[in-house]
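The following blocks contain the structures, represented as structure tokens.
Paired with chain B in one complex and with chain C in the other, chain A is shared by the two complexes that follow.
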Partner chain A sequence: MKNRLINFARKYPIVFILAVCIIFFSASSPVFLSSQNLTNILLQVSIIGIISIGMTLILINANIDLSVGSILAFSAALAMGLQTYGLFFSIIACLAVGTLIGALNGFLVAKAKINSFIVTLGAMMGVRGLVYIYTQERPIVGTERALIDFGSSSVGPIPVIALIFVLMLIAAELVLRYTTHGRNAIAVGGNYEAAENAGIKVERHVLFNFMFIGFTAALAGLLLVSRTNSATAFLGTNYELMVISAVVLGGTKLTGGYGSMLNTFGGVLVIGMIQNGMNLLNVHAYYSMLIMGLILILVVFIDTRFKAPVNI
Partner chain B sequence: MKKRTLALLLAGLLVLSLAFTGCGAPEPDAPPADEAEPVDVDPDAFLIGITQNNVGIDSYQTTYDRAFREAVESRADVEGIILDAAGDVMRQINQVEDLMAQGVDVIIIWPVDGTAIVPAVEKAQAEGFPVVITNSPIDESGYEFIVGFSGPDNIIQGRYAAEMMIDALDGEGKVVEIMGLPGYVTAHQRSDGFHEVITDATGIEVLETQPGDWNREKSQQVMENFLLKYDEIDGVYAADDNMAVGAINAIKEAGRMDAIKVTSACMFGDGYDAMLRGELHGSVEQSPIVDATNALEMALAVARGEEVDFWYYFETPKVIVEEVENFEKPVF
Partner chain C sequence: MGNQNDVILEMKNISRSFPGVKALNQVNLEIKKGEVLALVGENGAGKSTLMKVLAGVYSRDEGEIIYQGKSVSYHNPLEAKEDGIIIIFQELNLVSELTVAENIFLGTMPTKRFGIIDRKKIKEEARRALNELECDYDENAIVGSLSLARQQMVEIARALVHRANIVILDEPTASLTGHDKEILFRNIRRLKEQGTAIVYISHKMEEIFEISDRITVLRDGEKTGTLVTAETNRNEVTQKMIGRDLDEFYEKASTKFGEEVLRVENLTRKDEFSDISFSIRKGEVLGLYGLVGAGRSEVAETIFGIRPSSSGKIYINGQEKRILNSRSAVSLGIGFVPESRKEQGLVLGMSCKENQSLANIRYLQKFGFIQEREVSRSFQEYQDKLSISCAGPGQPVVNLSGGNQQKIVIAKWLSVNPAILILDEPTRGIDVGSKAEIHKLIARMAEAGMAILVISSEMPEIMGISHRILTIHQGSISGEFSGEEITESNLIHAITNLSVDAC
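Now for the complex of A and B:
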């Protein structure tokens, strides 16, 4: 029993950390396990969570995308600023522009063979520049009440934004496990040349994943402004770090070839629970950053040092 | 190998628990902070939650945070949940939700973004939580969802700057105005207050108003343009000391410091120094400590069910160049 528990913790460190978080916070705060608070946590992680879905695919491919925070900000600003041309137009434009920036990143990585860290670092700065130009550093306020009504609505007890996140996550897990695209993702990340030799259209595959993460960042931006009805130039700052932390916490490797959406969900939840728990316990924001950093390093350490051989 | 794994996991747990106990949950008998005398908290104490804008970003906000914590610790009738949104509007919205989940009596918000917070404030009101806004007003569309605003009266600050300008110029002359970032209530109110007084005064003419966006470099450029455009300028009104210092830089470069009086509506440390050098004629003191205690007082009055004014202002005295040494230099 004890050995099985240890083995399990070695195989899925994120589940273990998640359990520790739940036990600790529920013991420290009577509010933590209340249904309202659990709903809050799910809602609060949805924005980061949706981008994490795209990031999991990118990391499985052994790439990285640092531009998601900037794409989120630009899409959010467009979603607000273009509402004068109609709500439908602004939503389509917001999502299309995010996907397009992703396509540009993907093209430079897949076709021009530039390292994804460099490409997306450039995009992170360049797109943030566009945000400043477009917003003139002033908040852009929405005019359409419908978007904010949508953002604050619920299906039964579940906020609609959280529902979108969970449904996307399930769909992505199914794609990863049961479709050619999912298996190719792991093959490409495991060994790029072998995947190419095996006839996988690697360039197209990588391009698609960058378009997809661009889309998820834009969708996250859209859902964010559906809660605030206002976009500023600073939105999404540091979100790329939060997203990458969540995915890596979940056990996806930066070296590629391994990862799962459910584990990413675990990573996202841990980050959300720590932030929420710190608020409940009245702990200063500085400490929550410190603790998140420590946990991240701890998990990766356990993972690389003591990872049980995968025998599925 | 297995033992080491176990040891490592335990070590991780230890790190976690240490970190938590180290920074302390809001227990009534928490160890005392350096200055304030801690008081045992009444079991019927009010629970006040605050989400601040960005505590580490400047000394004003850091001093406010410290003053608020000390004020809470020194009182028996209040327990506080003191949070920091770290400049992220999404995090602030999440914190408002977390405060609601804990059933606080009053929520105090120092808005990161006065427009983006409106939907969250609307939700809080709908669920029966009174909201007090501190330091910077939110967008007018949110007024119907809040109990009121605790902070400086920006209109009075603008009026004070105008009165000091009238004294400096003996009621006669031509002035230019550098206002804050358009679209922000503070910027417009400080401008409105100034114009309320200046129109009453005989002989003072406002040549032109331009935004300096609270930014020193921008204000310097705006002032450079004014100096080129107008041969006679007797006074400059800037909505805060940061912009006033930018304007002073431009005036000194043009060699016209002797002919021009500068007043401002909010004193910063750099403005205090400029006043010691005689370059800034007058400004207005705004204390972060009074700002914090005023917000707590208002929240407690709301929690006790008392009637409070929607605009719950605190005093912001005039500071003129002759009396500057009677005031402490602002930490920000």
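Now for the complex of A and C:
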């Protein structure tokens, strides 16, 4: 029994961490486990969570995307600023531009074979520059009531944004597990050369995943401003770090070839719970950043140290 | 010799298992001062594993190592090195960005005050070692810019500087030409005169008989005997290595050939090979034989589209085709079992069935969803056909033995039923049993009408399975042999004779 428990914790460390978080915070704060607060956590993590879905695919491919925070900001600014041309147009433009930036990243990584860290580091700075140029560092406020009505609506007790996140996550898990695209993602990240030799269209695959993460970043941006009705130049700053942390906490490897959406969900929840719990305990946000950083390193250390050994 | 006092190192009852394989089983080994002990055996017999256990790369499951009268147990090669045991791996352990002298002292740099490296001393001692080894190149040269043979000499210089008692050379001539081999042998003899014991791992008979004093033979992880070189002959050693006659070991496909499937004309890739022309018919096994570095794998990878060709034409079923990448090769009906299955063939993190279905997954899906049941069924079909032993379709391939891994790579291609199958060193690092099975499989695939191109550096293998053999030397075809012309001396002549002249 004890061994089985240890094995389970080794295999799904995120479940274990999640349990520790829940026990700790529910013991220190009576409101933590209230349905109101749990819904709150889910809502808070939805934005980062949606991008994490794209990031999981990217990391499984053994790539990385640092530009998601900037893409989010740019798309959000467009979604607000272009509302003068109609709400529908602004939404399409917002999502299309995000996907397009992703396509550009993907093209440079897949076809031009430039390291994804470098490509997206460049995009992160470049797109943030576009945000400053477009917003002139002034917040852009939306004019369409419909968007903010949508953003603050709920289906039953569940906020619509959280619902979108959860549905997307389930769909992505299905894609990862049961479709050729998911299988190819693992093959490409596990052994690029072998995947290519087997006839898999690796370049198209990688390009697609970058387009998809661009789309998720834009969608996240759209949903974010659908609640605040205002886009600033600093929106989404550090989101790439939060997203990557969440995915890695979930157990997806930066070296590629392994990962799961459900684990990512766990990682996203842990980040949300720590933020929320610290808040309930009146710990200043600065400290929660510090603690999250420490936890991330600790978890990855434990993971590499105690992972069931693999003989090659 | 034979005096017990000469024994500098003794390994007793060494066993070591890896998941799925017993790599070493109760092996005993004695190394004497100032001798060259050849450690021979087929690929996968456990030669390298035994030496890696000695040097602390692998731990041992049981057994004892007695070195200079003391029981020792090293945790890594560095500890062994400090004790005077140096192992030179097949894959060289050099930092290619550093100079020759720096590499020789890597990890043991002499320092002056404040930890500053004593450059003068490093250079002087490195120079002395290189002079002793008759190496005329600069100790300040960057290692990465040197040829493979010279890099190897740097490792040997390292052994010299550290006054090693035992130097282990793991297949040192695998990538050396005739001339470089002579230099290596001269240096081995020099070390021997100084009282250093040399363990020489190889499966090349000529070399073993040229350089060694005694021969220890391993087969399937067990020691099958130790022979004094002067008192034995090749047949006896081969017998101990293989444990049965070569004839029953190889199976040739029947010689009913169909029409021509693949024709290559004047295929050239700058600096690698030039003017390669040949054709293969349905049901034929064509062997491509040559030294490592002669361009064999490069030819295969060019036909498969991994490397672009500079010029030349490829015809498939009589029609000229341009093969731009591996995907177009696959769609033209070419399959490729690469030389390094872990780097180019398998996705190690995936299961058996996932790897097996990697190439034909597009036929096992509906609307993008994988038909898991079909995948498992297909895997089981090939598991039976190829007698792949694994715990189940879902077992990760990492834990399989080399032979079973290779069968999965082959099964991957069989499932797309290619017209042409290229196999690059199909039995490298595979135990003898699986090896014979793979040879049989190649024969069966040819009989089923596949055109097969096999590359191998093992002469008995290439002679045993091919209908026709092309020899390749320094990027050009140097001979073509079929039927009675396929003899050991013809092949050796075609791949080496020229190389001695060229040096």
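In this text, the second predicted complex is superposed on the first by the 308 of 312 C-alpha atoms of A that agree within 3 Å, B and C clash if a C-alpha of one lies under 4 Å from a C-alpha of the other, contacts with A are read in each partner's own complex, and residues count from 1 in each chain.
By our rule, a residue touches a chain if its C-beta (ideal position, glycine included) is under 8 Å from a C-beta of that chain, and two chains touch if they have at least 3 such contacts.
For clarity, every value in this text was computed on a predicted model and none was experimentally measured.
J.: A:Asn40 contacts which: chain B (first), chain C (second), both, neither?
T.: first
J.: Applying the touch criterion given at the start, work out whether A:Ala198 contacts chain B, chain C, both or neither, answering first, second, both or neither.
T.: Second partner only.
J.: Does chain B (first) or chain C (second) touch A:His181, or do both, or does neither?
T.: Touch status of A:His181: second partner only.
J.: With the two complexes superposed on chain A, say which partner A:Gly190 touches: chain B (first), chain C (second), both, or neither.
T.: second
J.: Check whether A:Thr237 is in contact with chain B, with chain C, with both or with neither, and answer first, second, both or neither.
T.: First partner only.
J.: Between chain B (first) and chain C (second), which does A:Tyr258 come into contact with in this model arrangement: first, second, both, or neither?
T.: Second partner only, chain C.
J.: Is it chain B or chain C that touches the larger share of residues in chain A?
T.: The larger set of chain A residues in touch belongs to B.
J.: Should A:Leu130 be classified as contacting the first partner (chain B), the second (chain C), both, or neither?
T.: A:Leu130: touches no partner chain.
J.: On chain A, what residues does chain B touch that chain C touches as well?
T.: On chain A, the chain B and chain C contacts do not overlap at all.
J.: Would you pull the chain B residues touching chain A in the complex into a rising list?
T.: 1-2, 4-6, 8-9, 12-13, 15-17, 19-20, 22-26, 55-56, 80-91, 93-95, 97-103, 113, 115-120, 123, 139, 181-183, 213
J.: Provide the residue numbers of chain A that touch chain B in the complex, in ascending order.
T.: Its residues touching chain B are 3, 6, 9-10, 16, 20, 24, 28-29, 31, 34, 36-37, 40, 43-44, 47, 137-139, 141, 148, 151-152, 224, 227-230, 232, 234-235, 237, 275-276, 279-287, 290-291, 294-295, 298, 301-302, 305-306.
J.: Along chain C, where are the residues that touch chain A in the complex?
T.: 18-19, 304, 306, 325-327, 330-331, 336, 338, 342-350, 354, 358-359, 361-362, 365, 368-370, 372, 396, 398-399, 412, 416
J.: Can you list the chain A residues touching chain C in their complex?
T.: Residue positions touching the partner: 178-181, 183-184, 186-187, 190-191, 193-201, 257-258, 310-312.
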